[in-house]
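Structures are listed in the sections that come next.
Two complexes are shown next, each including chain A; its partner changes from chain B in the first to chain C in the second.
Up next, the complex of A and B:
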């Protein structure tokens, strides 16, 4: 049963807009190993959500073109016919979202929204689904699950709503969970609780988790591996400890240096000078070059994602040069 | 209360649930419900008093004199004075209103100045006709309007959706009397499928009722169909982009369940507002439509009464229509609460 891993290969997500096409994800390849928790990090607009939505087939097909492949175990997730995709969503692949207030239906009770998943996929009747849902609510650490079952989202605090949403997403024990910034809307204490919960689900239930976040602190706390994304491209992959200790791509290093501090919580990562290049242009060379302090002439050539060692890949010329330097915190200090 | 936390910024939320309801809260809630009910009841009565009093006052402003209308142009001044005294028209306005209101409270609306029938018996004849016409039009507006709104939203980018939306935009602009005349001309005069005028009597059977009701129902309800369709389409298009729809899809919800349980329910909140306004408009519009189709309902009753200064009848009709509108609005309020738990708990 366990053992499936997610393999994303040359994934591209292109939005068709009136002003031209908009490549939100370009040729992204990465893995989420079985029972592993992988952090997908990047600045705002780097294509993290677009990647997550693509895995569940939640993009609007009339305005979005998806390319490449994403296999989970034996199953190809991309380009599934609608019926097959509906069967898969919620049962094999689940997703949770950033804001637990807007992602829960305000007119339905917590119980309805959790048992709905169970009734769809397991065809249980109302009573049995209710029992299962209350179990799940208890599992995610919701106090008084039977009482909360009858409550509406607005009657719960943010942290409890987030737990309820997680319960709805994992009610049928999906093997892969995409968590899109699940703690951004929460305060620090609750954030830690939710992350611990996700970690527990990963370890105890054998769920593979793709944790989307812009916060490397979160990644350091719970993730096994990191995928760093810039302007729709994967620029660095590796085990969390290695990447955080010794980032090999200047962008990842800068992400770390501009980590939000405890006191200035909602500070986003726009402290890296310069802006993400417009996704509609198709530039050549390293996309980070205009903002990179180590940029050189050679960076104008297109960079490949190069494997340094098993599970360690970087898209930067400096990482493969013999006289490579580390882009540790010292290197990025002004 | 728990609602306070939902509006507070995320950082300000307490770390644990603030959603416990103690006995004290329950008692306080009961007291609040009682107070609300008392306020509502007071507002209800006040509205009725105001509406009928304004009607009373307006009748006085209209040129012409019921006494002259009754006795004829050639009546002697004494005769006119006699009639006025008999009707109480020589009393001050407030006294007149007071005695009318006292009677109305006991179910006595007086006697029509012309037909010598009691106003109550006139209402008993006319009210069912108008009520059935309004009910049919409302049903039409809801059933067809909801269907059209859903099609307009679900197929927003396709031809069917655009046609439906265009028709709805047009439908709002068409006046009901004009539509009524067109319908009569086409479906009663050119093609004698439906009767041009009149209404079925009770006991005529459902088919006969429908034969008479179809054209006036369409004339009265068409604008409502368009309004409901337009509002619902707009609300649905907005709801479709909501996070909870994406979340529901991520759980595997699709098709009818997604549309009805998640999208339509949320989109129906603004539509209920429209329904409240629509009922008010239908009650007003029935006057015009009844005249066009010569239907013996409250509308034609009040038009004749105004022509003849038959003020007991006018007063009673105003009262009844105000009651209908108030009841309709109360029902809308209840609907709101049923649909949206956030309104229930605030």
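Up next, the complex of A and C:
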């Protein structure tokens, strides 16, 4: 069991629409090591959620073409027939979403939704499944789990609903948990509690976690590694501390600099001019080039994701030049 | 004319729930000087938006007085209220749902001016100028709300709020739904507009990290009561109330590397049954016996910095709570910090 990791290899997700093809994810490769928590960051439209949904086989095959592979241990997660994908979801891979109000069924009690997974995957009868479900509700920090078992989603606060959704996702002890912006809609205090819970699950239960977020602060708080995505491409990968202290891709650096900081004073926030290119366009060269202050002629050529050291990869020409400059604080100061 | 733009004393707001009443805002004092920016922070359920609703005269108030721009604001009714409403404007969290989906955004921005009696042609021109000022080029002004991005819709809401030359702009979580980079753009825009037009803001947010950028002073609200207030830098650097301290340690930046920190435990209680004594005591890590029985007084700890906590010791005689500070030049403060 131990030692399994997720390896995503040349993943592409293309939506077919009337207007043509929209590439949401372009040739993305990264790993989520065993028992590690990895943050997948980027702005809206960077392909984060499309990546997460692909791992769970949740894209509609009639409108989406998925390429590449994603293996968890020995198990291939992509391109499975529906029944096989159903077996994996919940038992090997679990997912939680930003808005538990829409992800949970409003007509079923919390208990039904948590025990359902257990009954389906582990074949337990109603009573045993109920016991297990209550245990799990307690495990995710839901006060009065036996009472809350009988409650409907609308009877819980946002934070407690999020805990209930985590309970449903981990009920069958999946080894990989994909969490898509699980704290974005929550108060800071509740966000801190949920992040702490996810970190505890990762450490204590040996679960690998892919945490999708637009907030690098959240990544810095709980993740071991970072994968930074821009316009469907992976642009930077590395251990959290290294990447946040010394981002080597200008996009990651600018994303860092645009965060408000509590020790900031009266200064303007750094803004990344322009927008993520539309998924329907097929730009060439470095995709970040139109918004990059350091862009040069050479950036019009296609940039590869280059390995700088073990676990540290960057898709930027400047990162591999001998006299490269760090894109840390100095480069982003006005 | 004095520098005081808004003076609220003992504001209470009730909601009817079933047969009973729920006090969402309890005896709150707010002072705002012209040109100042005041932030109100707290979790969902703390009463932040209820204060906004009461100030905007959208919610009936149970108690208290409001003096705004020289008017007895709380007792204005009917036609006089409608005539004066333009003095206070509102920027909501989700501009998408506050714009008519069937109207082009320029029409939505023009309408309030026309209603107020401006000639249609002039109103259109001014709306167009204002939209351009907030960063919406003419072709975008002819679009419908659903054809704009979240950031662009937020710009429309700002333009509409500013068009009537308001004395006070209330921003209720105006940047909370945006991505970090977009959030930065809108925050910068609000800061620029304030400097350019001498605007006064009441900025409601749950994101404490925004405070240094958008506010001079801050009120920390918990279950309808003010638990701490002061100059932003004082409150952030020397938080007095355990709740403020908890909010600060809930920031992702405050997490120890790769580890687990001690966030505020539990959740905000049901305002229909607020805890006895200090309302924060069930979640407070340092609560003592009297916290569950006696309401704490507001203790002044420095000039214009006070907290309502039994464990905070006074350095000064209590003065008028929430009184505006005498402003200290930011250069001095910056020096003091480094």
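Here is the rule we use: the second predicted complex is superposed on the first by the 322 of 334 C-alpha atoms of A that agree within 3 Å, B and C clash if a C-alpha of one lies under 4 Å from a C-alpha of the other, contacts with A are read in each partner's own complex, and residues count from 1 in each chain.
The rule we apply is simple: a residue touches a chain if its C-beta (ideal position, glycine included) is under 8 Å from a C-beta of that chain, and two chains touch if they have at least 3 such contacts.
No experiment lies behind these values; they were computed from the predicted model shown.
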Which of chain B and chain C A:122 touches, first, second, both or neither: neither
Which superposed partner A:245 touches (first chain B, second chain C, both, neither): neither
First (chain B), second (chain C), both or neither touched by A:217: second
First, second, both or neither for A:304, with chain B first and chain C second: neither
Chain B versus chain C as contact partner of A:76, first or second or both or neither: neither
First (chain B), second (chain C), both or neither touched by A:157: both
First (chain B), second (chain C), both or neither touched by A:187: both
Which superposed partner A:258 touches (first chain B, second chain C, both, neither): second
First, second, both or neither for A:204, with chain B first and chain C second: neither
On chain A, the residue positions that both chain B and chain C contact, one per complex: 143, 157-160, 187, 189-190, 265
Residues of chain A touching chain C in the complex: 43-44, 143, 157-160, 187-193, 195-196, 199-200, 214-218, 220-222, 224, 240-241, 254-255, 258-272, 275
In the complex with chain A, residue positions of chain C that touch it: 43-44, 149, 179-185, 187-188, 191, 206-213, 233, 236, 246-253, 255, 257-261, 263-267, 330, 333-334, 337
Chain B - residues contacting chain A, complex: 2-3, 5-6, 10-11, 13-19, 157, 242-244, 246-254, 257, 261-262, 265-266, 339-342, 345
Chain B-facing residues of chain A, complex: 53, 56, 58, 62, 82, 86-91, 94-97, 99, 101-108, 116-117, 120-121, 143, 148, 151-152, 154-160, 165, 168-169, 171, 185-187, 189-190, 265
